[in-house]
């Protein structure tokens, strides 16, 4: 039988022969193992090239930021899943990842998208950043949308990760007009609203990711890959010092009874 | 209302206050960001301590090994999922992870479990490794089980990742009786079966993970965290050069018609 | 320790005591088992009441419609996942569900949302349906959005499910202004575009779901619950007559080689 | 290009042409919609035939049993996931399903497997059921395994679902040697252990599923498809009366602080 092929299938990521395993055009054993750390490997996987030392420090910093943030809803979902299917650790991590959507991680991609819409990657700003920021904030207010990357329910008046990430980016030559525009947007948003609106970690990461030129659609993936690591950590802790069954029993006892309020 | 608490809930992984974010007892911005690469961060998350330089190189190598292995069933599941829900990248990665079970990643944990059963962590081998290997192989044959970590459908007579991983482990002081026992098991299995049974990458990783003392139940998690990175790479490629819809249409056309064989 | 509770936790869905299991206020063994079919049980779970015979026929029809649609991307993702983790059937179904997003199932909720925006549930149409349809189509064209529930890549000039679903709804008293408005929107969209734009199954289901008054946010869930059934069917077939490994090997062989186009 | 095909791909489940949609060889609009309820459709999907009225009542009862069981870990995982990604309802259901493994649903398949090993489907018992039960219980005790389908942490001395399910099965001609053997196993296990070991719902369902002849590997899927319905119900309640964020905040407050015990 002959299958008529309209479009051929191709990948640049990796392929294997009996005696070779190639990833992104490099021999995995001799050119990658022992040479690249996990963050650099992620950079290679996404871009097809080895990061410079400056890129390596900065990219590792932004993904490291997203690994662990305590017993989040995502971590709880993974722990509760593991309690029911300990033989399928991978499914527990998968369950934890499923919730990394618009509420908790989405603003990473939103901030980058907003910045790229103002300044397409590869171009220079066409007018003063303060003017752009004014338009961006006014536009979000007109559409009753929150500005992505600003504000945090807990970390006020500043998100402690943001100045550090911006410092690392600046020290490594990855702080040009995208970081500056994000900061201009913050100033304008605070001026107009009269409220403290810190650039949160997802805003900082979105801006730095834009400095690299990563497509906005993939930036949520930084949080996904980083949190997969953190979720494995939560599962290891759950094995040694479990909380899932206790949480379930407390909730069931309270929620299954007569309404309390 | 007072909830009677039988067991209190606790985590050592991370917690936040308005001006501080602590991970594993360390201040995230000042002590972690800019200092640890992503693999070291994973090590900290799992063990509570910063790896030594030797541990860092070796641990990074074993997780880097597992990031990318071409268009695997896992990568295809992620791509097909993304085609239906591009707004939920996290769910596409989750779908890809769900298949990292006993067939494709499980032998990592199996090899470590087998080695720990022979030599409990922290103890010295109680008798010659060749004798242990003989018993292990005989026991698996008696129970009609394959020996975990041996054999590969494609990579014959050796899996090219294995000698490189063992070299890195040896150069960094992480190659003692677990690696040696894995090798003894291979020799015995080849002797008894008369077949080429290379130590595959999951066998090598299982043995090196045992050198670190990682609990066998968490070792599958190395593959899960690493592959999460690889799946983000596949999704980025799927955005730029898609194959999912084409695969679907080919399969539907063929499978929906009359049987061909 | 006393946990201060800001909001109590409560569920109306189900709770258990040693000798009773209650679902939606009914005794599961004596009032539900043997009395309700699976579709009626879904209706009870979602609404808190037993459907009338007319509602039962219609609701069962709309969920039955969504169970099986051949080797979709969702079915392929489930099969490929099962090939890697056959011990975790639940994770294979989960992987298949992850892709039921905006591309393949989302328009069910989109159609209902559009209809509710025109005619809030419980109210009568405030003006002729043809006028409403004109505005809806013009608005979507102005915003360059497709009208949800219209058009199908394969089923032209009509989607064969739609007239049958509308017939069942009409015979059972569940075809009032929402179904009529969906049909008016179709007529207007075809008139303005000059193209054949059949109401597809998700459009029909969205309109009938609106007749019931189901919140638009949950309507995607009809497809999710129905497809979970279909995916279990695909996994059973995959056990008996597998295709996942064959698909993987074909794709890997083609995609891992030099580019073909 | 010609792809050499070692094995052709085929499905019996469903396929479509522009004007027809066929499921299991039946025209979906005219032969299925309006005729089959959702449980009957599941039966058709799994077996390729329409159930008899007796099979319909019994099969619907066993899947209806598994739809809803209060705020289980699975329901909590779905709710916590929805809180983070409300735009991806399907991923929240998927997260909830991921935990339906060996701890909470697996014994359904375990009970059926145990029964089929004693009496292969299609054969008659080769010796008295009491003798078989004696061997089964002794064998599990020797291997220090619990007997699948027996015992329940809450429902003592009987699981109220079991007598009702057995009654329905008996009334419909689906209670022969598999149900009887399950009961003999219970008697023997209680005799030997001196403890109350009720046949739980998964034991009853496993036994009745064996009466149908369903392969044991697919029986977990009954719980998966049923719980998908229940999880959609939990998400609808979470939209109207949320508990996920409250649970998260309580846990985070307690678990992130100093250890309490």
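By written order: A, B, C and D. Residues from 1 in each chain.
Everything below uses one rule, namely that a residue touches a chain if its C-beta (ideal position, glycine included) is under 8 Å from a C-beta of that chain, and two chains touch if they have at least 3 such contacts.
Small disclaimer: the values here were computed from a predicted structure and weren't measured.
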item: Same-site or different-site touching of chain A by its copy chain B, using the half cut; value: same
item: Copies chain C and chain D - rotation angle from C-alpha fit, nearest 5 degrees; value: 180
item: Distance from chain B to chain A - Cα centre to Cα centre, in angstrom; value: 22
item: Where chain B and chain D are represented by their mean Cα positions, the distance between them in whole Å; value: 30
item: Interchain centroid distance [CA atoms averaged], chain B/chain C, Å; value: 37
item: Contacts with two or more other chains, residues of chain A listed in rising order; value: 1, 3, 5, 7-11, 14-16, 70-71, 85-88, 90-91, 94-95, 98-101, 105, 243, 247, 251-252, 254-256, 260
item: Overall pattern in which the protein chains touch one another (line/ring/star/complete/other); value: complete
item: Chain D partner contacts - residues on chain A that touch it in the complex; value: 1-3, 5, 8, 70-74, 76-77, 80-88, 91-92, 94-96, 98-105, 243-245, 247-248, 251-252, 255-256
item: Contacting residues of chain A [partner chain C, same complex]; value: 5, 7-11, 14-16, 85, 87-88, 90-91, 94-95, 98, 251-252, 254-257, 259-261
item: Chain C residues within the chain D interface of the complex; value: 1, 3, 5-7, 9-21, 23-24, 28-30, 32-34, 36-42, 45-46, 56-57, 60-61, 63-65, 67-71, 86, 88-91, 93-95, 97-101, 105, 154-156, 158, 160-161, 163-165, 167-168, 215, 217-218, 220-226, 228-230, 232-237, 239, 241, 243, 246-247, 249-250, 253-254, 260
